[in-house]
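Every chain is named by a letter (A, B, C and D) in the order it is written, and numbering of its residues begins at 1.
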Amino acid sequence: DRPLALIAGPCQMESRDHALEVAEALVGMTAALGMPLIFKTSFDKANRTSISGARGMGLAAALPVFAEIRERFGCPVLTDVHEAEQCAPVAEVVDVLQIPAFLCRQTDLLVAAARTGAVVNVKKGQFLAPWDMRNVVAKLDAAGNDRVLVTERGVSFGYNTLVTDMRSLPIMARDTGCPVVFDATHSVQQPGGQGGSSGGQREFAPVLARAAVAVGVAAVFIETHPDPDHAPSDGPNMIPLRDMPGILRLLTDVDRLAKAHPVRL
Amino acid sequence: DRPLALIAGPCQMESRDHALEVAEALVGMTAALGMPLIFKTSFDKANRTSISGARGMGLAAALPVFAEIRERFGCPVLTDVHEAEQCAPVAEVVDVLQIPAFLCRQTDLLVAAARTGAVVNVKKGQFLAPWDMRNVVAKLDAAGNDRVLVTERGVSFGYNTLVTDMRSLPIMARDTGCPVVFDATHSVQQPGGQGGSSGGQREFAPVLARAAVAVGVAAVFIETHPDPDHAPSDGPNMIPLRDMPGILRLLTDVDRLAKAHPVRL
Amino acid sequence: DRPLALIAGPCQMESRDHALEVAEALVGMTAALGMPLIFKTSFDKANRTSISGARGMGLAAALPVFAEIRERFGCPVLTDVHEAEQCAPVAEVVDVLQIPAFLCRQTDLLVAAARTGAVVNVKKGQFLAPWDMRNVVAKLDAAGNDRVLVTERGVSFGYNTLVTDMRSLPIMARDTGCPVVFDATHSVQQPGGQGGSSGGQREFAPVLARAAVAVGVAAVFIETHPDPDHAPSDGPNMIPLRDMPGILRLLTDVDRLAKAHPVRL
Amino acid sequence: DRPLALIAGPCQMESRDHALEVAEALVGMTAALGMPLIFKTSFDKANRTSISGARGMGLAAALPVFAEIRERFGCPVLTDVHEAEQCAPVAEVVDVLQIPAFLCRQTDLLVAAARTGAVVNVKKGQFLAPWDMRNVVAKLDAAGNDRVLVTERGVSFGYNTLVTDMRSLPIMARDTGCPVVFDATHSVQQPGGQGGSSGGQREFAPVLARAAVAVGVAAVFIETHPDPDHAPSDGPNMIPLRDMPGILRLLTDVDRLAKAHPVRL
């Protein structure tokens, strides 16, 4: 099996310079570890808890920055789409279209993403059983796209809390046949947990990441920021950029062990 | 407080004749009970479990039927919207725009629905705490619309199962100030519980409806069909049309008791 | 079906005088409503959150008080047992032996309680599905006792929270054949929610009670106290004694409606 | 930090010969890996789903076998206790007294176990938050015993299902100060999932064990049997004895990595 890849970047694209700064840092860290990198950031946060939450730069301003990052650093880029008509223009400059968890059953969005021919990464809904991702992947497949990733990002557990069921990783691998990604930073969100915004437990993101990598995943997804406490969104769960090298080194070590002993259901 | 209203109809608009048949039957039943009726049906099932599930007649074919029902029977009509640009055309013939539970945090859809000036009914996401509906309603309010209903339809409880927390009804009333609707037939869904489609426990819909009405709600939402076992969607949880009169009679009796003794938190 | 009964009293027997005072008040209230009463209180709180929580008067001091209440007021009395050897002595003065929820699968305790010939009320564990109470009742039945009540008191829903699944009431009735009790005050506990003790949401106890009675139950269980805020245990979820008459009046009204329209699964 | 220990053995002591056979095999395997072993088996299954489930050899017959195993193989032995009066006699031949999950809040049992001076391993209840184990450990501490282990064995997640929250491992370590054990085979139980007995997902026990060891634990707890499909209890979740060497080898490798990079909250 191939070595662990990293999908990482700041939750939202705050500016061209900010995105390039984080991308450059991640490119350096992952190169040192021989770890494939997909740079991730969002041009629009379409489901903020509050109407007054910052939503990001928007599609038009962001696309050239994605193109620049891809060209300058030679790494694939990923972003999330929210409406069917965004898929085609975004896919012109982005390698991986991501379907947000809340939208993982919206047929039109899935089909539009699939038809671009880009790789599609679908986050499993917080309300979905892992075996039900089979139906989601079948929608993409029926639209002619089998370059699909599936991502675990926690499941509802009471109110304002998610839990990560590590069984879901091999179940999704078996039931969809797709590479499985573990999203460490959204799995520690506390949705709505701060009244007008979501809380998070940043300290548990590397803990859950180790566990998931030990079970065996194709990639980890980690949102990271030079200064999370002042980030416009997801600050409580993003990892400080300076902590990433240590985390990634351990994860690649755990990955080597896990890949030598793959779980087979 | 005003008497219990009913939001009801078949899950999807199967044909003009089918919609009219069900509407006529419901108009008769509710008139006999002095119960306000809002006729509900969907022109598109945008998040079916499976890509091969029937999705309905579509927007263009359905709008004239909504107009006809409204005119012929004099009752308001409700349907759900899935993308921002559907809101304006749908609001021209429909009285209540409904936001599906999975989409209850999609800011653009909420704002587009609000701006039509129609009443907006938001279903609480299966992943959302009742107090977090305050943030959802604030988005509509910021877009200039305070004619809002909020609907309980169950919350994730393990995999493929929902549970209804009856505390959520007075909590939403207190925290949003909006009339609260209880969706009896979706609360008994078993999402994905039949592999390629959702299961349901039809027999519990009237059970949960009684409980909710005893607590106190503005309206109950019940999907109903002349022949649920042959319906193209939600058959396992829809109520046979012939059972509706008995259910509604009991609910109006329970409602009178509940409204005489309102819950105040 | 028979009219709604009440199982009520203070969480723990604080003193002879305290127990008699509450019993007398409850006897008066229920007589006025024609409502059967079973007086409940505990001689020992065996599973307090904290080692320093008050546990009650103890078995030896409490038994004569139960006898006195039974004789003076002519009402049956109920208390909970925690170890097999308590069952026989307690059953000499108490009409109903109650098995605590945490202990509902402890075979020896169930068998010892059953063998006394007293009525046994088993609370469903917070970790148990309603259909699994069938196995619990089968243990009592195998020990020769078919005078059994089963009680819903909430099920684990994330951490420090319970939720009441109203479907559980008719499911337990169908699957066990026993009268079903709804415990309104423990269903609103927040286990461990105050660090060293359990929290509670007293304001929701009558809300859930209405819902359960509308569904249809044989009895409601409500812990009540003249001054809950100064009670040694379960203060946050007990109902002030002075609020009981209004609550009971509404519940008996709802019960008449529900019993006229029984749920049949 | 010390290397990973193993707590293992058959769910119940079926006979002297059976217990010795499994103990000998485990002693050999763990010696080869330099892994400390605590042999575990139960003399009584006190909370079987069904009254007709086999309960084991009983206290009197089992104690000499524990003594023999301890003497012959030089390894400490562990068993679970269910009533306060069992603690003293059992502690005479057993090194670790284990408190079952359902009983983790029973004060008398905790105090009696603590007073023996034996090491006490408390399983976290399926209904308990990890931070609430602090109150449990405080009860043992107040009784004069600070030689305490705490064990994660899954938390209720809907009906008939448990989920393992890997955050609970470092939370319990921080909040109790005790060594933390991960019970891999009970965490994959499906309580009551087979009607008259509990189901299990044996294939996930090593998956969750890897994840937990990667996070960092003092010991793993694994029930194992030469022929699980014919075991009198817990067959669906026990690991075949022949599979243990491979599982243990990987776990010790993962443990070395994890112990070199301890999680600190």
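What we mean here is this: a contact is a pair of C-beta atoms (placed from the backbone, for glycine too) under 8 Å apart; a residue touches a chain by one contact, two chains touch by 3 or more.
Fair warning: this is a prediction, and the values are worked out from it, not measured in the lab.
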Comparing which residue numbers chain A and chain B contribute to their contact, where sharing over half means same and under half means different, the two sides are same
Interface with more contacting C-beta pairs, comparing A-D to B-D: A-D
From the mean C-alpha coordinate of chain A to that of chain D, what's the distance rounded to whole Å? 36
Note: chain B sits from chain A at a C-alpha centroid distance in Å of 33
Whole-Å gap separating chain B and chain D, where each centre is the average of the chain's CA atoms: 48
Where chain C touches two or more other chains at once, the residues are 157, 159
So what shape is it, when you link every pair of chains that touch: line, ring, star, complete or other? complete
Which of the residues in chain B come into contact with chain D in the complex? 157-159, 161
Chain A touches which residues of chain D in the complex? 155, 157, 163-167, 170, 188, 201, 203-204, 206-208, 210-215, 250, 253-254, 257-258, 261, 263, 265
In the complex with chain A, residue positions of chain B that touch it: 46-52, 55, 82-84, 102-103, 105-108, 125-132, 135, 138-139, 142-143, 155-156, 159-160, 191-192, 196
